[in-house]
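Consider the two complexes below, in which subunit A is the common component and subunit B and subunit C are the respective partners.
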Partner chain A sequence: MTTDTNMKSPEAAAVPPSGPAPVKKRVPRGRKRLLTRRDRITLGFMAGVPTVLHVALVWVTALASIALAFTSWDGIGFDSIKWVGLDNFKQLFSDNPQFWPAVEHNVIWFVVLILIPTPFGLFLAVQLDKQIRFSRVYQTAFFLPVVVSLAVTGFVWQLVYNPDTGLINSLIGANKPGHYIDWIGDPHLNLWAVLIAASWRHTGYMMILYLAGLKGVDPSLREASSLDGANEWQTFKNVIFPTLRPTNTVVLVVTIIEALRAFDLVFVFNKGAQGTELLSILITNNIIGESSRIGYGSAIAVVLLVISLVVIIPYLISTFRKERSA
Partner chain B sequence: MSTPTVALGAKQRTPLRPARILLHVFLAGTALAWLAPLLWAVFAALRPYSETSTKGYVSWPDTLNFDNFKNAFTQSDMLHYFGNTLIIAVPAVLVTLLLSSMVAFYVSRFDFRLNIFLLLVFTAGNLLPQQVIITPLYRMYLLIDLPGITMSGKLYDSALGLVLIHVAFQSGFCAFVLSNYMRMLPHELTEAALVDGASVWRMYWQIVLPLCKPAMAALGTLLSIWIYNDFFWAIVLISTGENMPITSALNNLSGQYFTDPNLVAAGALLTAIPTLIVYFVLQRQFVSGLTLGANKG
Partner chain C sequence: MRDLSSSLPSPSRRGLLKGMGGAALLGAGIPLLSACGSSDSGSDSKTVTLGSNQSDAVPKKAYGEIYTAFTKQSKLTVKVNTKDHNTFQEQINSYLQGTPDDVFNWFAGYRMQFFAAKGLASPIDDVWEKIGDNFPDAMKKLSKGADGKYYFVPLVTYPWAIFYRKSVFAQHGYEVPTTWDAFIALCKQMKKDGLVPIAFGDKDAWPAMGTFDQLNFRTNGYDFHVDLMAGKASWTDAKVKTVFDHWAEILPYHQDGFMGRTWQDAAQTLVAKKAGMYVLGTFVAQQFTNKADLDDLDFFAFPEINSAYGQDTVEAPADGFMVSKSPKNKAGVTKLMEYLGTPEAEQIYLKSDTSVVAASNKADTSSYTPLQKKAYEMITGAKSLTQFMDRDSRPDFTSTVMQPSLQKFLQNPKGIDSLLSSIERQKKTIFASG
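Coming up: the complex of A and B.
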């Protein structure tokens, strides 16, 4: 119920011919004059407390990351903070044997998620949207991995990948010494092994997003298209898919963010050792690993921040522009 | 294969055409494959290690029992870790809903000049990868002394620290969703209350909030599962094993019991049970929450 009302909100708000909009703008000014002093103070607290908390813990720390990226600091006392200019970045880009592999793996993570589980999730959504029997059962099966925590997912998949006791090796007879396929230990295999687990989860997530999108498609469009003699594929390609544009945008953004955030699975699998380095893991290793190089870790965080903002800013601008005009 | 006729007349006639049967076969097969890793974990967890180590894991079971579950639960003191999660998740969910609904109320009912800006700040903050802010946050938590308030005497390694970051981070997304929701409530409602001399707080608490129940329920379900499932904040911001919530504690346990995969499987499944229960009971809320805030990573 909530989904429907909210999903439709932009169109619903756009339907009445520009009547409510000016009223909406006039009302708050009039209302504000009615407010007592106490009301204003209450409002100040209501907006202020959450904003201060959010800004202090999220945005101030993000800015602090940027500042620290240009310093070196061992974390003990503030006097050991030294300005080092671009040194951290220079070292990161040229000396660190893990940095470029990590960037590459984050990119691969995104490419795999967008090319395999995303279309598959869309495909499943289209099939399940046909009002078939047992639809709920199928949906639950595909969606279950999204509900289970990524850490637990990591443990479950380790049982599948384990070289001598795992499901795969047991089935293909590679569980005897000398014949091991070390899915998690082999640097050529482990990233793909983790990505299968990540895709397993991502498919269900995408399926739900697309199912919600498909519910919003006007049934008369389908009818018109079939009256015109289009077959199922033509209807999907020319009629349904274009109307899913808003969902596609969301899916793209979600997938990029997921690829940048990827952490839990890899951490549980092998802590990002050989072959599964990720930017998130490198940053975390600077905190909970043996070495605490704060400036250096922050420099990696800045790289991650810049990549994220390249995605987040255009997305938010387009979302909020739509809201404003609605 | 005309979809519209199916869509329109699904109730009256669902002829079992070959295409439809094929679709069911495909979906059932895929669904089973999707559940396979979880079913495999269940199968492994139900068997004693001694049996699987001699017979191999892919073999007909002689004994199936709940011993591994019992052992994982008692030997590793899981109840204690579930308790830790509860101490973190319950306040975090409630405070997040309270604070984000207050911001949403403000931007959707009062200040239209600030609303876009404030919502941008909140929403963008929520989309950032957590690792972008962790280094300074970790340092900050170590610097903040709270003697007598937390066990560690600092914000670091305390349930309070985790609650604060969950609230700060998740309120971004909830504020955005709730403000959209509140904007659709008729303005006459609060208008009339204002004319009658109701205070702003009363308008929020007695008029707007009760109307937001469906959205709050959806967000509450979603938040519970997300915060329960959190691994990253707990791994970095909690150092004492005793203080860990269940997901990160599991990581320690599996290190301890790595020689017995069956026990680890049982532990992992036990950890997943509360989320599965929440999901099955509140499925509708969960899914609608997820699609409400589809911008969430």
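Coming up: the complex of A and C.
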């Protein structure tokens, strides 16, 4: 769970720091100072409370889970915390039969999202940007899956995939002994079945991001390229797409985050059983429950944190560099 | 932000003040939040609080009737705090460490002993002095912690067995198999007759544990099963391998696509007479909503595999009550627990829920349905009672190791050797963590 908040922290960090407002600057003569002593206390309070909350809820929990990754703890009383060094990681890398499949599935999740729904979302955005008729209806239809909670999405798709009574098997008659398609249970099928549901949602998300990006493209660029005799594809390839570069960066980061935090859909679908293991689900299974393995679960969370940082840090560096040069 | 002080228009002062009000509220909210845990009315000597995991309609009503009867008799009110069944289980750890209710619903076996050993429950030997005569020895054994003190009052229990439809057996002339060979022969015949021999759904990952338990104590006996669950016996032992060999033998007769099916859906194939048999607890009866279908439902004990053990062990999980570590109304709690340990309390419950039987051997069985009577005889006739894999062993081991491992076996029965050594390696680290 802590990883989820961790992943948000870089975003939060990207927002300019909200420290106390600089009050040194003198206001023009003849007027009183704008901020009274009381105002400054208020401002300090307003900045202080969120800071304390942020530190307590994000940084302390993140650091605590890193520390716990080197311990063995069942979550009952602080005196039962035992220091075990790297044992959790050793076990994780060598003995846990679910760990490597989980890593692999998170990677597959990312690759599929970036290769299928992302280009498709871009395609839809380009079409909608042409102001075709009923554009708003299509826009709403494609965006609807994004609005619905992923847990609900999971339930709906479960009804579609249910091997006995689901829509697909009922239609194609694959729910009889002998020719049976177990969409949810078969380890060769279930990840792809879930990914279709995930892509269904991701397409709408990407479409909206690209649509926003396309609205920002200067219309004169299009005009210029059509004057130069470029056809639609050439215009898109050489003029429009290059201007979408900032959007592409956002899309890439969003997709990576989506792939790393993939959880709800699979948890509802089959709780990450054979074939759909994910890091986030391994963490949950180890930490939440009657007698939890908090140390071990934290070790998996740390692995997820490290992967997230490897991905997010280069993005942050490039963002800050741009801001500085701007 | 940079030009805040120079560009601030004057009306925003009011905004600042508003913000301050908000912050003050927030500041006041924090102590409020932390206080609400302790502002319970539990200090009231006329009330006993009870944390309940019985969120389903039938048991919720049945339990409620027990508390009403108790209130009438003792003038003590039971304040019930019901939580969703699964949520209750997931949160039990933090619930018991926080400010738990005086009494809470829980399960017998290792699951109970675990919290007793952690000091999160109160011993109730004084209660058992009064109610001890109401229970058979097997139940007494189930209610004790590892330290030999009592921590649990059982209320109801239900056996696991093989369920079938009487009409289906009559129609095809099947006989109840009592030996492994007869069982296999029956499976073969059912397949020939176009039935699914064994209904199965393992989407929730726990039903497979029930099959494992049956196969293990039939093959290796109660003592080995208990040792294996307690982490003492080795999973790489040839005896465990034999269990999986037997399982692999009947696996082809299981319903297709079980990994994506819930136990409820699997039960529906038995209801629809498409399946011949189903290994489950008596709660399968809940899926038989039609009275005629329910009357047609019957069961038999899992067949004998090793004649040394016959059919002497019955898996019968018991549900009941425990007392939290420092109940606010100790006297009231003792009274309530004593009441819950009486046959009367059990009978009140069983009037509303006929899918289980009383844990006490004093309860009146005259109003039992034929199914309940049979279940009761099965339990009282058993030499040993087991709970269930996740109640007889460490829950962290069963949920993080056994559930995925059994699912892996079901997908690929041939890779059993490497699977068992993987289970054994993981078991060692989990049981070593204390």
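We take it that the second predicted complex is superposed on the first by the 280 of 326 C-alpha atoms of A that agree within 3 Å, B and C clash if a C-alpha of one lies under 4 Å from a C-alpha of the other, contacts with A are read in each partner's own complex, and residues count from 1 in each chain.
FYI, a residue touches a chain if its C-beta (ideal position, glycine included) is under 8 Å from a C-beta of that chain, and two chains touch if they have at least 3 such contacts.
The structure presented is a predicted model; accordingly, all values stated were derived computationally and were not measured.
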Contacts of A:248 with subunit B and subunit C, given as first, second, both or neither: neither
Contacts of A:76 with subunit B and subunit C, given as first, second, both or neither: second
Subunit B versus subunit C as contact partner of A:270, first or second or both or neither: second
If touched residues of subunit A are counted for subunit B and for subunit C, the larger one: B
First, second, both or neither for A:184, with subunit B first and subunit C second: second
A:286 touches, of subunit B and subunit C: first, second, both or neither? both
Which of subunit B and subunit C A:95 touches, first, second, both or neither: second
Set intersection of subunit A contacts, subunit C complex versus subunit B complex: 23, 25, 27, 34-35, 39, 42-43, 46, 49, 75, 162, 165, 175, 286, 288
Partner subunit A, residues of subunit C touching it in the complex: 1-2, 4-6, 8, 13, 16-17, 19-20, 23, 26-27, 89-90, 92-94, 97, 111, 114, 118, 120, 196, 202-205, 255-261, 265, 268, 394-396, 399-400, 404-405, 407-408, 411, 422, 425-426, 429-430, 433-434
For the subunit A and subunit C complex, residues of the former touching the latter: 16, 18, 21-23, 25, 27, 34-35, 39, 42-43, 45-46, 49, 72, 74-77, 80, 82, 87, 91, 95-98, 161-165, 175, 177-178, 180-187, 190, 270-271, 273-274, 277, 285-286, 288-293
Parts of subunit B lying in touch with subunit A, wherever the complex brings them together: 1-8, 10, 14, 20, 23-24, 26-28, 30-32, 34-38, 40-41, 44, 52, 56-58, 99-100, 102-103, 105-107, 109-112, 114, 116, 118-140, 164-165, 167-169, 171-172, 175, 177, 180-181, 183-184, 187, 191, 194-195, 199-201, 204, 214-215, 218, 225, 228-232, 235-236, 247-248, 250-251, 254, 261, 264-265, 267-269, 271-272, 275-276, 279, 283, 286-292, 294-297
Parts of subunit A lying in touch with subunit B, wherever the complex brings them together: 1-3, 5-7, 9, 12-13, 23-25, 27-28, 31-32, 34-36, 38-39, 42-43, 46-47, 49-51, 53-62, 64-65, 68, 75, 124, 127-128, 130-134, 137-138, 140-145, 147-152, 155-160, 162, 165-167, 170-171, 175, 197, 200, 203-205, 208-209, 212, 219, 222-223, 226, 231-232, 235, 247, 250, 253-254, 257-258, 260-261, 263-264, 267-268, 279-280, 283-284, 286-288, 294, 297-298, 301, 304-305, 308, 312-313, 315-316, 319-320, 323-324
